[in-house]
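Next, two complexes with subunit A in common: one pairs it with subunit B, the other with subunit C.
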Partner chain A sequence: MEFLTAHFVEIMFYTLAALTVASAVGVVAFRNPVHSAISLLASFLFVAALFVMRHAEFLAAVQVLVYAGGIMVLFLFVIMLVNVKRLDPEQVFLSGKAPAAVAAGVLLGALIAFGYLAGSLGPVGPGPEALRMVDGAVAGNTEAVGWLLYRQYLVPFEVVSVVLLVAMIGAIIFGRRDAGLEEGGGRMEQ
Partner chain B sequence: MWVDLIVTVIKVLVVSTVLLTGVPIMVWVERRGSAMIQDRLGPNRVGPMGLLQPVVDAVKLMTKEDLTPEGVTGTNRFLYLLAPAIALVVAVSTFIVVPFGYDPGLELFGHAIGGFVVAPDLDLGILYLFAVGSLGVYALVLAGWGSNNKYSLLGGIRASAQMISYELAMVISVVGVLMVTGSFSLDDVVLHQAGTWFGFIPKWNVIPQLIGAITFMVAVFAETNRLPFDMVEAEAELVVGYHTEYSSMRFASFFMAEYINMITASSLIVVLFFGGWTLPGIATPGGWLGALATIGIFAAKVAFFLWFFVWVRWTLPRFRFDQLMALGWKWMIPLAVLNFLWVGVAMALGYL
Partner chain C sequence: MIGATHYVILSLVLFVLGLIGVMVRRNFITVLMSLELIFNAANLNLIAFSDRLSDLSGQVFAIFIITVAAAEAAIGLGLIVALLRLKNTAALDEASEMGG
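Here is the complex of A and B:
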């Protein structure tokens, strides 16, 4: 009991981290795409719980609202609409993509090593007050995030939003049925 | 420490009891109200005015056989069983940030009760409510998927499309209220609406933000899957959609979740746009009597909007699915954006 209360934060962190990784593994391990999507949803929720543990409540809420409540629902919607078949057990999934997978693995390893060397691995980091400082005074976490985004990082924030807008318009253009342009530049339909 | 815990436990017990007993009462109101609107009698055999009918219904639902459709095994069976639990958990846990009365610094056992809200220190407030509420769609989607039934699956697909579309409009129409208040806390939202303009017009958000209030109410109807937006369970097309295969208490869980969501939605309409527990002249009374009066005002307002839900359901026909989507994307979202643009301009000019 004494051990539990003394190391509560560490125990919670490692439990949640293990659950996050386990459900992330489930995403690639499940053979039914709907089960993979649910596993990814669980992973998102555990990450949100980790944010709450670090007193980043705003990030946690946005993580649940945007990723769990919005994007994953769209994923499921598409999976159910296109009616994907189960993978055959003997089908090699990553054929020809092995170099890319190795490169991604090496990058991830480098990231973990960097994090370990920087001393930010594990539940050690800035205290809860650092995440709610607004202009030298203690306020809410939401205010602190807004203060940073709209003052210190205003230009990157606006640039990212423009990039997102471009991506969205591009997706709409690709998705339109009548937008396929022929070699001469004319429209195929209409 | 222990007293705080006891106070919180009392709050949780009272709120969940009120929510859960609100369900049978709302079922009775719905059945009697629909009968009144359709010029029928409605349930009138069990107890005075049929008031004990919900009790009999509950006993019937609890004693029915709990069936699992054929072919639902393994992980799919887990999802099938998980869906009603998600529905109920999400419905009950969204209410904890709704303030239902004014606390003039009251004390219980010599300890401050910390406001008439279950989780007073959650400065996320409405953001928490939207985040948890957005998970409610998984109950419908998983029920539709796990049931191994094409009608259920169609219901689940419709649910995901509809709830994503109207969630956007719902969140955007609240932005105006949050801008005026400058806080995510629903307590602050209500306190900001206390007082009057010119001595008789209440300072409720609905007056300057009528468009926002209307878009929010329409979006909330869609989010709770009530007519005219109950495409998810359109019984003429889909049997009853996502919960076709459920029986016994699992069916009842979906049923209870729908009515609890209605109570939360009505409370939100009241808190965000109709002044919460305030009335012109009564905003922040002192003492236990004043606090009880504010709770009574809040309950009366919520009761009106609950009746409004019933009223609309038995008055309007159902939308077609393409009409529903066109309304959501082409009308609701632009109108909601218009509302917060207007609030921004009015704030910049110093009117609000």
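Here is the complex of A and C:
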């Protein structure tokens, strides 16, 4: 019991990291797209828990609401909307996958070496209290993020709303039935 | 002691898993899901260094990344519907008009 309380953070991190990696492997490895989607949902939730451990409570809530709520519903909606048989090709993996996997593994090794250096060198901040400060007073993480978002990052915030508008218009145009995408192409007739 | 290094390595593993998924999978929907894994890895990095430097800007950037990921998911799923209508399949190597 004393071991548990003394090493609580480490145990939580390694458990969550293992679960995240396991569900990420599931996303890549499952044959059925529905199983991949459920596995992706699990990995989103574990990453949200990791965000809480790094004092990003607001982002954890956003992760659950936007990813686990919105994006996953969108994925599952498309999977259910179209026939799963059509989504599930006989051959799950592309041919010639081995060189790609080896290249990715070599890249992983190089990146880990670099990441270790990047994570262990460099300056360290004053502490997690600074992540909750608003105007010099301690408030909440959500309040502090909102303060920064609507003051210092107001212009990027507005630009992102344009990105969302463009994405919405694009999705509507792709989804239209008369977009000229049927077999044979409807464009030539007119 | 769990520091930023642990999170960086975890996010690297997630990134490479997503990369393998994007390169190896044949189903368009699964490729998009692997892309979401890559976005998550980037967010994990930003959060780890935001905590290490005690700088909230990393969390704000992560919010922007989540927004862009949502837009990407909407467009990508629209593309899947268009591909299904055109080719009647979600296999990526069926769409080879441009020599890819």
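Rule of thumb we're sticking to: the second predicted complex is superposed on the first by the 142 of 190 C-alpha atoms of A that agree within 3 Å, B and C clash if a C-alpha of one lies under 4 Å from a C-alpha of the other, contacts with A are read in each partner's own complex, and residues count from 1 in each chain.
Heads up, the rule we're going with is that a residue touches a chain if its C-beta (ideal position, glycine included) is under 8 Å from a C-beta of that chain, and two chains touch if they have at least 3 such contacts.
Computed from a prediction, not measured in an experiment: that's the story for all the values here.
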First (subunit B), second (subunit C), both or neither touched by A:Phe58: both
Contacts of A:Leu4 with subunit B and subunit C, given as first, second, both or neither: neither
Which of subunit B and subunit C A:Gly170 touches, first, second, both or neither: second
Partner chain in contact with A:Val155 - subunit B first, subunit C second, else both or neither: neither
Contacts of A:Ala104 with subunit B and subunit C, given as first, second, both or neither: second
Subunit B versus subunit C as contact partner of A:Leu74, first or second or both or neither: both
Partner touching more residues of subunit A, whether subunit B or subunit C: C
Touched partner set for A:Ser36, first subunit B, second subunit C, both or neither: second
Interface residues of subunit A shared between complexes with subunit B and subunit C: 58, 62, 70, 74, 81, 141
Of all residues in subunit B, those that touch subunit A in their complex: 75, 79, 122-124, 127-128, 130-135, 137-138, 141-142, 144-145, 153, 156-157, 160-161, 163-164, 167, 184
List of subunit C residues in touch with subunit A within their complex: 1-21, 23-27, 29-30, 32-34, 36-37, 40, 43-44, 47-48, 50-57, 59-60, 62-64, 66-75, 77-82, 84-93
Subunit C-facing residues of subunit A, complex: 9-10, 13, 17, 20-21, 24-25, 27-28, 33, 36-37, 40, 43-44, 47, 50-51, 53-56, 58-59, 62-63, 66-67, 70-71, 74-75, 78-79, 81-82, 86-89, 91-94, 97, 100-101, 104-105, 107-108, 111-112, 115-116, 118-120, 122-131, 141, 144-145, 148-149, 152-153, 156, 160, 163-164, 166-168, 170-175, 179, 181-183
Contact set on subunit A toward subunit B in their complex: 30, 32, 34-35, 38, 41, 57-58, 60-62, 64-65, 68-70, 73-74, 76-77, 80-81, 140-142
